[in-house]
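Please find the structures below.
The two complexes that follow have chain A in common; it is paired with chain B in the first and with chain C in the second.
Our next item is the complex of A and B:
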């Protein structure tokens, strides 16, 4: 078994302690590398196991919950820089695939951002209310299921109309797989994976506010 | 496409090797839109590959697999599909809805997760509140009190930490520069513990005051436990030490009386 398969099997057992142990075996990895090189391939492998009829959706839910717990533990007490910027993160209404979003949220926190993380399935009206009241400079969206795409357009357009002009970032399984531009507004930035997200964060830091909406 | 006239409790479909539906049960017709007459019309695009790969080899054993289906009600719904090939090379398929059986469990799981994250959030908010309170507390822990035109006092309250001295320094320097004080008293009566970084900052403040104003700086109200700690920091270069406010005031008034006479 390769690394991803091993980690996937531990996640599927729901054994968070063993997952933690497995990740701790490579203490030299940065958090981004843990997300990108360990957790992402393991979760992708779990998707593959369903596609090849080896596990059920119920198994996937267990693995997701276990992964969620481990991510919370990883994000706990991370070193934070100061940036005084605000970002909110959500999955489209009905979208339950939130692990990637959670990792992105954690990356932003690591860069000193103040974040609100809503996780799976947030109806547009709630998202808009928070966006208007709290005025984050970034709104991060995640989409993984094709039939949620029509909703994406609705969300992207609603956010584009916000008067404080937040940058809208879009990620999720589909962002790496298809061209999602037709479902976005002009101001949506598509980030196809975590390294791209990190790069965006670094550019944002380097360029300050004016780059926030490129 | 033929109606399969048997009262089956689950959706049933019979399809040929190309996926063309040849027969359907009542529940299948109710659940799925069969107008295309083809399995592709009712199975989610991303599940079709799975169906072909894992059940389209004819065999004697029934095959079981989970597929996402398009139903009349929702565009994506999970089903457990049982498939048995018959001797005429038709796939007999039974569709067991899975979402409903998972739903309860999923809801519970989501609730638990949401509770965890909302607790997390509440904790975070409390933490932020607490940080604000601490800053406020620090601001109030070193009030500036002018006693006369030439004498002022800054009593310190609580533990001496770097954060607290930082907060106090700003207001203290501002207030001292605004007047012309000959003596500045720091009253340490209400001080609890002293942190190493705190005393470093405090020494810096004393030096700054000393350089900038040339005033006499006095520490008063030093308790025995503080004396031990302060002794290691060689403060006497910058400050004088007096026992209490009472003593300082006595000296001050006596001197002024003498001056007056």
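Our next item is the complex of A and C:
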């Protein structure tokens, strides 16, 4: 059993303590590496087990709930951060796959951003209201299921019209599978995976430093 | 185009054609059949709205893999798609859309049969 399969089996047992212990066995891993090399392949393996009729929807939900708890524990800090850099993260209306988005939110927090993370399925009108009131400089969207895609354009266009001009980032399973640019606004940035997200954060920091110099 | 009406009509036709299905899977199976057909329609709608047949053909291949693991064979899915085509042919409200759905279904059927696909959009 490889590392992902072992972690998947612990997630499927719903045993968050054992999952935590398993992750802590590799203290040298960065947060990104834990997400990219351990949790993502474990959750993908769970998807494969469901597709091949080896586990049920109930098993998959238990694993997701356990994963959610462990992600919260990994990212837990006692005080809510206050920062000039603000980002909000949401899944398109109807989209229930939020684990990737939660990891992206945590990477932003790790880089010093103040964030609002809305979890699964946020209808556009509510997302738009928060975006107008709170004025985040980044809005991150996630989409994993094909039949939620028709709504993508509507979201991307609505956010592109915001007067404070936030950067719109798009991720999720489909971002790595299809060219989604035709369904976005001109300024949407597509991030295929977590390493690309990290790279975007680093470039953004480098750009910010340059602006501070000039 | 009413998906509800099409899905109900398709499900009835599937069960009419093969009464043994009701015996084997019961009412619960019929409900699942209805759910599956709602998913087919949602994927057809996505392919139509985004003008990209791959969204439907990829779904068909993925679903076929799952159904096989549940003891079905590819023929079941092809039959289901052919029945949708037949029901769509009776849809007079949105002929352009029905025609495009028909093409996506034909392309998916060809892929499931392992035939070469011409002129995919």
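Going forward, the second predicted complex is superposed on the first by the 201 of 214 C-alpha atoms of A that agree within 3 Å, B and C clash if a C-alpha of one lies under 4 Å from a C-alpha of the other, contacts with A are read in each partner's own complex, and residues count from 1 in each chain.
The rule is simple: contacts are C-beta pairs under 8 Å (C-beta built on N, C-alpha and C of every residue); 3 or more make two chains touch, one makes a residue touch a chain.
These numbers were taken from a predicted model, which means no experiment stands behind them.
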Touched partner set for A:84, first chain B, second chain C, both or neither: neither
Superposition-derived comparison: chain B or chain C, residues of chain A touched: B
Which of chain B and chain C A:56 touches, first, second, both or neither: first
First, second, both or neither for A:163, with chain B first and chain C second: neither
Touching partner for A:183 - first (chain B), second (chain C), both, neither: second
Touched partner set for A:117, first chain B, second chain C, both or neither: first
Partner chain(s) touched by A:2 [first = chain B, second = chain C, both, neither]: neither
Which superposed partner A:149 touches (first chain B, second chain C, both, neither): second
Common interface positions of chain A, toward chain B and toward chain C: 51-53, 146-147
Chain C residues within the chain A interface of the complex: 39, 42-43, 45-46, 49-50, 54-55, 58-59, 62, 65-66, 69-70
Interface residues, chain A side, partner chain C - complex: 51-53, 146-147, 149-150, 178, 182-183
Chain A residues touching chain B - in the complex, by the definition given at the top: 50-53, 56-58, 61, 65, 68, 72, 117, 119-120, 145-147
Sites on chain B touched by chain A in the complex: 44-46, 49-50, 53-54, 65-66, 75-76, 78, 80, 98, 102, 105-106, 109-110, 113-114, 116-117, 120
